């Protein structure tokens, strides 16, 4: 028995010659990198169409929708990283093509925050929509609306021309200020 | 004299021993962080069998209602100075079990953690990064969060 | 000083005697017995030292070892009695039959 | 020096017979033996002193610990007979008186001190066989008692 | 003056502290290597400050005295344990002329001092008002009575061979031939050492998986530091004893010196760690059975062997 | 099968039909017959009861009890149903525990979750639920847990008080003059994990053990009913993270069965591949856990080293190391790329490189054998009585393995055999674990070769084939699905409502529950040192113990 | 050879060690924070409320080993006396003595194991 034990001891001590896999300082390096790694979200407010699908599928309550002052894609998701479990279902379900507008893959892995429950303010993936973009979108929308109105007018005129009846112009400009921000 | 005091403060921050206490599945990744590839012993962390010798309590994810008294008591029985690290979505806002019957939805409101590491479960790298952050806090002389407040002071357990 | 040694040995002896006669629980009876033995050893040792009776040391060894054996036997009996009757007091042993 | 050591030993002896807690009693008993051993070493009977320490603090104290684990932390209350103190004190006085009056019978001239270490081995070696026989019979007795010593439990296992 | 040096620096407190820090570091590093890990590596060169930090942290951490403990036993025992564990340094011949107490009976002194230690640990367990500590204490006691006899008998074998109880003269008389004669004794000593120091496979008293941490359970801060210090000091005493008794102590190949003794001690420590990394713990009953059916009878036989070797081998030569 | 049918025809049943290949499904018209039917079934060889699962139907105002009887030897199973009234004071049924020992805790669970009282049950205390749910019925559909949740602090107080009362009770039961005591083994314990064993011991000897579970109770079965069919996988995979893929497979199969969807061949093979990888990662931890319980951490470390490589594969494939969420109803979530297979090959090579030394040092370890070969014996009959499964059952020589008995995914095409040992001691379980590890590696190699071949021949398109659409709303139906999980058989019983978007009821029968039931029987009369050994060898994970 | 070096050296050394260890302890305690409270001071019971009773007694199933310990220990002490034996007769006696005791222990253990298995 003792001989056997000594043999075991010898074989264990062979491990001394094995180089440890912990070769890198994990404070600065990631040990294994994968393209699909699900980390912090990146949200592309430009392509998001505001379909609310990601909010609906999220198995936790991580996603809340932020309202934007546009007419069409008036919501964009924001993620509470403290609650998110990085399951990636929101990315799967997102219908935009070719690039999904909510992406987890390749995100940051070390997300830390103060442990106080109130600290969770710092712990969101906020969508900072720049003012210029809002303005440009509003402008574009305005332009589109104007164009549409014009077209409508034209159409109406055409129709009027056709039916030879005079119709009242389209009702007033929609009021954006009423929309929630 | 000041030098000596500084040395001991530094020593305290450099040697964090953690209480061996598993509350949820994040402890699997904690085991991986102990394992050969990540090897957190390189940075000076060591698990101890009893809270009496520990400096750090790791809330490894989910805290169920039945577990909460044990968690708080374990924390209370650790000697000063003591710090808390929270891992995983569960220990913050219930995570995937947010609408479950039996878990404490916000353990960090009851026992505030010094650092919270997000993820479900967080990668071992992230766990170690969180621990390093606690070291930084200790070096800066910031007192631990749980000693500042939190519901646990009002609770009986 | 030989006299002092001897007087202390007597004192130890009488403390042991007191212990044996006044105590009724096993453990302290053992202690007292050991004290009695030790008093004798003390006498032997000091007589060996001061009077040059070197073979007394060998007697002291023998007494020591006998004392140990006696303690072993005693503890054995005590344990057996304890198991059977749950008593720790010597007098009760007869009463519990 | 001698007087101091011996007084300490005596005080410890009395303590060990008078305290209530069994563990304190045992400790003072062991300390008494230690002091006596030191005294023998001081007397230049080093081997005897070491033996004393070895046997009493190493062997008998451990044996008594077994007893203590049986009877618990405190001695059971017993009635003490009041006359025994008087009688034993009387014995002490009688013996000292006898000794002091008759000490002239003993040789007073102190011879050269020679430590004969090999004396035991050469002249008493046959005795050890006797000892071996005693030990063997003791073991035999113990084995025969094993079944009787088996503990009784509340639930049979 | 020399005494002060002895107490404070060389075989005394500073040396023990340094040894504790160093051996603790070495243990962790070596164990990590056997685990295919790295062990402490970012504090100081190869992480060697790590254990310094650990121990100084323990020293200055809060030490809790729980309610219901026996206050004298609880707080006094760690101090006493530390003192008694350091004391054997006095009798060991570190170099040819550094022995604090040159005594004819230093071997007995060593064995007595090493043997008292578990007794104190039992009292720590008995003193803390805790079930795990209590069980741990009893385990210490049981393990001690099984292991100490064979330790004593194995340690006596060189003394019997050389006809002296003095460690110094044992070292002086040792040679290759006597090493061969003493080889079985050394193996027995080594096994008994594992049991005496609570090392795997005999780490029953502080079995983490069974009774949390045995008698250490309630200790924290400074008290725990002292217990750790005692543990490592005892390592030192027992290792140095092994090196001195069987491996020729400070005597080296070309010249004599402390470094040889140290190297021998480290080699024994390495053996111990390798066994630790490859053997699971055994149970109480198995330990008792092993100790009393094999270890003690074998060490008695070893004594007989030494006697006969002394009569026939050495007697024939001289 | 025919015999069972004949036998059931003697009783008053609503219907008897065959279900899948090995099941007979039937419903009793009255609950009074239950005991007799069970007796008859037991005489007929169906000695095992897998689980007891009540389903609460609000509209019909009944609680439907589902009993799953199994015959481990010949692989015939019977699914028995009967109704009990829903009113709390009438909600009672005859207990099967006197007949089937394995039903004990399952009935207690049904009692604490649904308030079904079992007559003649020897020990009907609540189990799993935390103390504030005692005498409540948390899983019933009409349980108002918002109201319950409002006074959290009061509930916590209840829990603490009950712990204290329990300690006092334990003290009272013990003679203060004796050396007996009640030890807590857990939850803050280096080897236990979140479970508490109340060990009644006398010095070193264990007199009895009462496991106290529920420290990680997450009410998963309740949780899934709040998520939709896809989102529920995150709850299901958290059954236990050591092996999460297979539990998702079980759930996905049940959903697919109700939706009547056939998944692609590629997805089936991927399920096999992923499942085995995850089984390996679990078994590696299990082996480490066994040795950790013996105070030796080397095995855990070496195995962890290998396991990391398999996790690398999982991460490359799904994007997460542990919480993969890789299997969804309708297939698997992601496509496969060549570099992932290369990584898998790396992991397999790593395993083969360390296999021999692990086997030599730790499987043939004399000290381990000395300790473990005489401990924790589980006989063949115990396996049947207590409905044990997986490694524990196979180590006792019982040939059960759902992968072979009732092949799912692509297991029908894989060459494999039962891995069994003879005696059923703790040592045998360890050896079995290791041999299953080797078997899994073998299966992975087969699956990998198959997938590579098919991709090369163009039959599989690894970027498109992975998913089949499953409708968001399912019809009314119910299904059971069994998979061989790393710890044994997982049985999921899924009930859906008409046009339901989320499961109506999902019962998960997980192996650790039954294994923990054995602890008292295995450990009474042993010593304290055997507790971690037996506990570790039973390969218990608290995740699937408490759900 | 060696002359007996006085016990005083040892006592002085022991005193020195005592003083240094005590000062270390004092240093540590002075530097350590101190903030007891009721829960911290209740004893550790795996994280659950502490129950009152630590067993006062221990069940020792190992009495036989205590007796064995005493016998073996005494044997060892005899041997330390035989260290100084120079003639081959007493050495032979020592060897025979060792053999007898070893035999007795082995037989005792056999009997013990036999009794345990009943």
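Descriptive notes on the structure:
Going in written order, the chains are labelled A, B, C, D, E, F and G, and every chain counts its residues from 1.
Here is the rule we go by: contacts are C-beta pairs under 8 Å (C-beta built on N, C-alpha and C of every residue); 3 or more make two chains touch, one makes a residue touch a chain.
It should be emphasised that the depicted structure is a prediction, and the values quoted were computed from it without experimental measurement.
Chain pairs A-F and A-E differ in how many C-beta pairs they share in contact, with the greater number at A-F. For chain A, the chain whose average C-alpha position is most distant is C.
Rounded to whole angstrom units, the spacing between the C-alpha centres of chain B and chain D is 54. One simple way to say how far apart two chains are is to compare their mean CA positions; for chain F and chain G this gives 48 Å. Distance between chain A and chain G, defined via averaged C-alpha coordinates, is recorded as 68 Å.
Shared interface positions of chain F, i.e. residues touching 2 or more other chains, are given as 160, 163, 174, 177-181, 187-190, 202-205, 234-235, 298, 301-302, 305, 308, 323, 361, 365, 367.
The multi-chain contact residues of chain D, meaning those touching 2 or more other chains, are 44, 46-47, 51, 54-55, 58-59, 62-63, 66, 69-72, 120, 131, 135, 138, 142, 149-151.
Of all residues in chain B, those that touch two or more other chains are 8, 21, 35-37, 39, 42-43, 49-52, 69-70, 74, 77, 79-81, 96, 99, 120, 123, 157.
Across the interface of their complex, chain A is touched by residues 227-228, 230-232, 234-235, 298, 302, 305, 308, 312, 315-320, 323, 325, 333-334, 357, 360-361, 365-367 of chain F. Remark: chain G residues 31, 33-35, 37, 39-40, 42, 44, 46-49 touch chain B in the complex. Those residues of chain G that touch chain C in the shared complex are 63, 66-67, 70-71, 73-74, 77-78, 81.
Taken together, the chain F residues at the contact with chain E in this complex read 181, 183, 189-191, 203-204, 291-298, 301-302, 305, 361, 365, 367-368, 370-371, 527-532.
Against chain E, the residues of chain D that register as touching in their complex are 23, 27, 46-47, 50, 53-54, 57-58, 61-62, 65, 69.
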